[in-house]
Amino acid sequence: MLGTHLKTYLQSDDQFIVIAGPCSVESEAQMTELLNAPGFSKVVRGGLFKMRTNPDSFQGMREKGVELIEKLRQERDFDFITEISDPRQIELLDPVTSIYQVGTRNMYNYELLKELSTLGKPVMIKRGFSANIKEWLGAAEYLSPLPEDKIMLCERGIRAFEPLLRNHLDLGTVIWLKENTNFKVIVDPSHAMGDAKYVRRASLASIAAGADGILVETHPEPAKALSDAHQALNLDELASLQAELKSLGEVLGKQIV
Amino acid sequence: MLGTHLKTYLQSDDQFIVIAGPCSVESEAQMTELLNAPGFSKVVRGGLFKMRTNPDSFQGMREKGVELIEKLRQERDFDFITEISDPRQIELLDPVTSIYQVGTRNMYNYELLKELSTLGKPVMIKRGFSANIKEWLGAAEYLSPLPEDKIMLCERGIRAFEPLLRNHLDLGTVIWLKENTNFKVIVDPSHAMGDAKYVRRASLASIAAGADGILVETHPEPAKALSDAHQALNLDELASLQAELKSLGEVLGKQIV
Amino acid sequence: MLGTHLKTYLQSDDQFIVIAGPCSVESEAQMTELLNAPGFSKVVRGGLFKMRTNPDSFQGMREKGVELIEKLRQERDFDFITEISDPRQIELLDPVTSIYQVGTRNMYNYELLKELSTLGKPVMIKRGFSANIKEWLGAAEYLSPLPEDKIMLCERGIRAFEPLLRNHLDLGTVIWLKENTNFKVIVDPSHAMGDAKYVRRASLASIAAGADGILVETHPEPAKALSDAHQALNLDELASLQAELKSLGEVLGKQIV
Amino acid sequence: MLGTHLKTYLQSDDQFIVIAGPCSVESEAQMTELLNAPGFSKVVRGGLFKMRTNPDSFQGMREKGVELIEKLRQERDFDFITEISDPRQIELLDPVTSIYQVGTRNMYNYELLKELSTLGKPVMIKRGFSANIKEWLGAAEYLSPLPEDKIMLCERGIRAFEPLLRNHLDLGTVIWLKENTNFKVIVDPSHAMGDAKYVRRASLASIAAGADGILVETHPEPAKALSDAHQALNLDELASLQAELKSLGEVLGKQIV
């Protein structure tokens, strides 16, 4: 079930979406504080099953998180996007999920993509660490039973050689994709830059580059986040970013949603 | 069931393995010609479920290939290594598989790795396209119920910027891994170089760098291969490479198996 | 001798410069057509000594080009920026040059940088093909007798793995530099993208990312350019880009000059 | 003036050269200890004018170093290879230099290359940080008045994404160059690996890959070296490496010189 906002967005060419939410869903208090914030996004991101390089890192709230989101969606009107890393999670995730996010580590997981293509919901494919355009579009083809307007590509920074940045934000490829394909192209400035203080500028550059939205890590108290604490915006920073995007969007012919 | 050769190899420090076989298992004639060749490897590679960037490319013999390998293993003494890309393939593959190969595209597929870690058979993890060492060892940790001597790492070239080569053969990382870990380190010179004519030199460099073996694409008639035709050795080239490795191995204190 | 426009720009924090001109100065007709265009940049780029990967490619008008620029600067009010690749070119170039451009291939040419640091004119250092931030700032230190406001850094795309783009436009590094240094940061969207049709979007993204200007290849008839023909804007495209930058600049607090 | 050893090497196809010496020439005591070591290389490397990312790092003995090498060459029979970073150093360096080394930072410094091409002495071009093959061969073309057998290419590791290694040793490109060009191809395992403990393996892999020699940093007391202390071999390690290369060379048909 997709909310009206999301349906309209997927059909539109002139809307820019701000998908906000925490890296990991951590607690009811955390999620409620976000959802209650005035003007908070109607499409909310949040990790339930986390993929971590180190198997001893926090792996997400999993089943308990699903129950929490279910409860919150009954009380409030929002769409939910979350990462899926195994087809066997579908049964659990499907009731609460509006958009399936395939993470960077699974861009080439064609078995997963084929499975998701049959569910009829939008799928957002994050780019592999150093996936080239042909490979990324190849992954999108594995979704092809889905109509084009339900396939979203998310640029999240590419692997490169710079020790002072987590990744290289690759807006050149965003520009290429908008010129040569019909997919929605979203930017994840949080992972691309790896530091909250660079997220604002990366987001403004993304809308100017022609992206269709951002996926931005937001936490009521970033310093206390269980994962990626250093790269989440707080609620004030998010509101201020939304306002700036709105002003830019007026010049660029994009409505912020 | 692991053959004696393979068991001995896994316990040994001074053996260098030549794992040969086609990119894809294609037919009984193809496999028989390889297996009948004098001195052919006792550990044979061959793709049954192929992962392809383009969903319309040949995706492997799948079930029929499993039956073929089953038949061939009943008639002959060899171990078989093949790529698995989904836990749901285990039931089918397990009877014919000695070593599970996790492909480049699935190095970060932790759900798959966790599943394989419970089966007790050796697992070979190919390096992600631009995986760094920490990520690669992180993937190996997801196998950790397996003893260290059943975890194999396979370098297959990293993504880089050179249009004249398919990948960059990264022997520096092989050297690092042999100095700092206890895992078997295998090199895939076929994918690393992308052209049969460079495979010999890449293999010689691998043994000199300290690698524990190579995984080399071999086809009775490379030009007719259904996938990666340009990078497979023919049987004469393989035999000649084995002889050269044997001579080098004598100097380096490595026995070729 | 720096023109008033340029002097003001170097002192200012809220101006965004559009440096336009051809890859190579080719003829009086070519330069006159550009300079006569209404609203054309007052800081003009143009190569006189070209560095080419292939020694048989066109190497620039050299001495004759210097004479031409000298004549044009007597008749018109503009500043000129050109690439220098050898200290022995200083004598020839100095009378016509307002800003010395050190090209990508010479970012690490410390002898050249030391020499330029003594001339008192602004120097713009283009980033090496895959220079990291520390190396780039190290190059800027070799200019250090120059005051900070005469050192300009130019991002021009980094080497990476994508065959469909000439380089990777690296706005993440632009954002880092604006946050952490006081240098002017310019973007060269023409080289970064390698195709005129992507230059507009790359330029808009640059101003939004916080860059202080762009260096954009412009030619009265791009198809006839002797070098980089595919990446130059024509005069209409330049005028239209300037207008869009002006609108965006009003929102971002930047005046286009 | 080239020594007999060096002349023979340049004409030969089956010799593998070990060029040893310090990163920087530091003192008469240092150089004498190296040159007196039994079996030390007859072609000695040593930096006189050092290029450093940070202008405050040790920049080499410069003029005093030239005098020292001059004195040492009068007393002993060896060839000397040193880096040149500016044509204006030619006058000073020429009397003591047998091979001019163009450093990684100057691979694209075509003015320097053109100048060196006229001197008639061998020139060794180190590969730029992420130079591709076409660019590297383009640089070699700028030397083209020199005969092919006086042009040497030196692979020294490419820039990539691995924080645990200084560079990526790129033997794939060495293999490509030996198959497709006639130039001597040398490997610098010291810079490629960035740590003395990996130099032995990288050197063995280089000869097996088909390289024509190595350029290996050697210091009588590596811990006291003024630059790159962590990557130099001591004299025992060098002797032991030479012995291993000799054994491998016998199998590979290469004589170590």
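Labels A, B, C and D are assigned to the chains in the order they are written; within every chain, residues are numbered from 1.
Assume contacts are C-beta pairs under 8 Å (C-beta built on N, C-alpha and C of every residue); 3 or more make two chains touch, one makes a residue touch a chain.
Treat the numbers as computed from the prediction; the structure is a model and nothing was measured.
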(request) Average the CA atoms of each chain to get its centre, and name the chain whose centre is farthest from that of chain C. (result) B
(message) Measuring centre to centre with CA averages, how many angstrom lie between chain B and chain D?
(response) 36
(message) Centroid from C-alpha atoms only, then distance chain B to chain C, rounded to Å. What do you get?
(response) 49
(request) Could you list which residues of chain C touch at least two other chains? (result) 130, 132, 134, 159-161, 163
(request) Work through the pairs of chains, note which ones touch, and then classify the graph as line, ring, star, complete or other. (result) complete
(request) In the complex, go through chain A and note every residue touching chain B. (result) 51, 53-55, 85-88, 104-106, 108-111, 128-132, 134-135, 138, 141-142, 144, 159
(request) State the interface residues of chain A toward chain D in the complex, per the touch definition above. (result) 130, 159-161, 163
(message) List the residues on chain A that touch chain C in their complex, please.
(response) 130, 132-134, 157-158, 160-165, 167-173, 175-176, 178-179, 192-193, 197-198, 201-202, 204-210, 247-248, 250-252
